[in-house]
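Please go over the structures that come below.
In the two complexes below, subunit A is the common chain; its partner is subunit B in one and subunit C in the other.
Let's look at the complex of A and B:
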């Protein structure tokens, strides 16, 4: 397996290998020396054609902890903003000898295009493409759920996860539905009908419009960001109404099981989909998700580029 | 495929090594025993329980995965990581006994020394192996050896342990050159 473009690229067994590897990565980086020689001599390019804080610095930290050389390539201040095509950018990266390209792009399918275009020899890792997929986020969410609710081992069978908010525009939701159900969890999508994707009835999930009714039955709640930048039309009457019906605050959080966890991929719109009280509560694991993200990305980089897959520069 | 060590051979070798470790280090109070997964980890547990039986005090024992420090990573497909478990007193200023099943090229032990350096600075590190089969590629030598087994490079040494393989034995596979 050369590229990580979609959760569909990995089977259940390999997904669990990634989670186990991440757990060991977390342990090694707890020591006084947070650097491993594993990817010495490898070059990782972070190609970010869309704004990102968490994912980019998380991949950067992961690559650096494994001693890879990291080149950051962002849309602002690069030739992408001058209108360079993905192909030309890719060929530049190939000339730099990139062993892996971590790509974030506003167009769905950009990672796939980069991988199938035969423009580069390196491994392509999808760090979010349009409204399609964000596999590393789903893996870190599964890791966080497993750590808190399953003792850090095995799959997620018996776990009920609610994903709440703008499902239609969310690559995080798509990857999470694929991965969590693959790992045996039950997933309920909670959103206004306007923010559910077409043919959601064909997804392996339950759907609910009543957030408060779902809450007492779930073990983990994943709140999604309302993505103002992807909303060309009016999907709900007002922010206030959305917040009242689909936001989580202290009162709603009190409806959940006491040991359940509250997650958000970030960045949070405090006061819209999540109240400050809920975001800072004991059940919130939002900050821990960021730390887990580094471990997951170390595991991904290790498993996808440490080995003897066709050498780059060829 | 010839049988090189039987179950009782292995038990006797581990008992002797335990006594040698205690003799060399004047007791077990400064010892941290770290096995290299998978079979080295089981051997470390066995050594620790034999030493506990002799000394009557608990021994610090754990495992050390060396995968991320191997020098052959780029030549093979990545392997899943094994568990690293450092006992409570750690390795800082202690005598670490590394334990592995077979000593061959010495590259695993080099990786282990690197991995250890990232956890802390032991006062000294000693190496215990069940089998030394020769053919070293690095200047590394075991302090405690269960059995020296002269082999040719084309042969392979297969160690089976009860905890992992259901049976205790060491076999040499292939023809001697």
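Let's look at the complex of A and C:
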């Protein structure tokens, strides 16, 4: 397995290996020396053609903790903003000797093009492509759910997860639907019909328009960021109405099981899809998701770069 | 100089095996055995002899986009694909919306001399949809334009469409409509359906095509004008045209080779060679198009041959240009999908490739 472009690239067994490896990585991170020599001499390029803070620094921290050399290549002030094609950028990275390219790009399928364009030899890790997928986010979400609700081992059988908000434009939702169901969880998508993908009934999920009705049965709630511009594109009448019907606040949170968790991939729109009270509640694991993100990305880089040359356990 | 060609032992129009003699570019005789001296003799044993094909929907790109195609290279591709005549779409730079451009295209085509090149005139100035192009002066120019189309764009304003349909009646013109509601397809990338939903590419709903087809059939019928629907891609579109013809309404319709063959599943590679306008649809749409072509609902094959420079396809899907090439593959695709399996006869193939498009143009 050379590239991580989509959750479809990994089977259940390998997904669990990533989660187990991330747990090992977390132990390192908690120790006094937060660094492993695993990727010494390897070059990881963070190619971020779209603004991103947390995913980029998370991958950067992960690569550095594995002793890789990290090159950050971001849109602003780079050749990408001067209109350089993805092909030329890729060939530049190839010439720099990149062992892995972590790519964030506004175009769906950009990671696929990079991996299949025969422009580079290195491993391609999709860090979010347009409205397609964001596999490392789904893996860190699964890791977080497993840690809180499954004792940190095994799959997610019996777990019910609600994903709430702009499913249509969410790469986080797509990767999570694939991964969580692969791991045995039940997934319910909650959104206005305008923000659900066409023919969503063919996905292995349940769909509800009634957030409050779903809440008492769920173990984890993943809130998605709602983009302000969706309103002008006629997806819903007003922010206030969206917030009322599909936002989470203390009152809605009270409908959930006491041990359930509240998640958000960030950045949050406090007061829109999530109230400050809910975001800062005891059930919220939003900050922990960030920490888990580093462990997951260490596991991904380790398994896809080092693991592609030597045995994972060796 | 070759003045006579004798083709021996071919299946004439897919039927009986016979010899065929051409003198001065015209078929002089067809008989079981022709024993005359000819300048050139072609042994056609095992071959099928068909009349030259006519394409009502070609993008030759010249003037202005010669890095994609020229009238010379496009003519060469057409001749290689079995075509003897092509209608060149108006979305050149500058747009073929006046007599000077259409006469230039016709003159270059004649000069190249490989196939007949018939320029199509734009319906609206600059394909912008706001003012009628110089329809009459193009019709009365040396290019004698009869087909008008904003192809690439839809004539979406219903009043503009009505006026254009009515106006071109005076010289027996036909409006070839690119049916695509612009508002329903803003930023659209591929067929709206489960594949687009999974790939995270913005969907292009079938109804954006079907609603324009329905509207324009009703408009054309009301004013008694000739309407041709370019590149039908959906089962619903086929059904609307079938209904219209059953009512006795006048309309002709076209399907491209690629829409007879490929589906939106091709997009799962994110390889933009499969990015085309209108988009590849589902297998049930493909099946409906094949049935429609077989039963006469769809009248012709139009290639929508639309070449682009390599850099326009060697990129991310959403940055890539829409368009496929088709002149050289149209016949092989029709043969593979419909003729060889026995869904259509050779006689029907000749209609959809040659006689029907010639009649419309």
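Basically, the second predicted complex is superposed on the first by the 301 of 314 C-alpha atoms of A that agree within 3 Å, B and C clash if a C-alpha of one lies under 4 Å from a C-alpha of the other, contacts with A are read in each partner's own complex, and residues count from 1 in each chain.
The rule is short, and it goes like this: contacts are C-beta pairs under 8 Å (C-beta built on N, C-alpha and C of every residue); 3 or more make two chains touch, one makes a residue touch a chain.
These numbers come from a predicted model, not from an experiment.
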Query raised in the report: Does the superposition put A:27 against subunit B (first), subunit C (second), both, or neither?
Result: first
Query raised in the report: If you stack the two complexes on chain A, which partner ends up touching A:193: first (subunit B), second (subunit C), both, or neither?
Result: neither
**Report entry** First, second, both or neither for A:302, with subunit B first and subunit C second
**Finding:** first
Query raised in the report: Taking the superposition as given, does A:258 touch the first partner, subunit B, the second, subunit C, both, or neither?
Result: neither
**Report entry** Overlap of subunit C and subunit B interfaces on subunit A (superposed complexes)
**Finding:** none
Query - In the complex, subunit B residues that touch subunit A - result: 65, 68-69, 73-78, 80-84, 114, 117-120
Query raised in the report: Which bits of subunit C are touching subunit A when the two form their complex?
Result: 192-194, 196-203, 205, 269-271, 311, 314-319
Query raised in the report: For subunit A, which residues are in contact with subunit C within the complex?
Result: 85-87, 105, 107-110, 112-113, 116-117, 129-133, 171, 174, 197-200, 202-203
Query raised in the report: Quick one: in the complex, what on subunit A touches subunit B?
Result: 17, 20-21, 24-25, 27-28, 31-33, 35-38, 41, 66, 302-304, 306-309
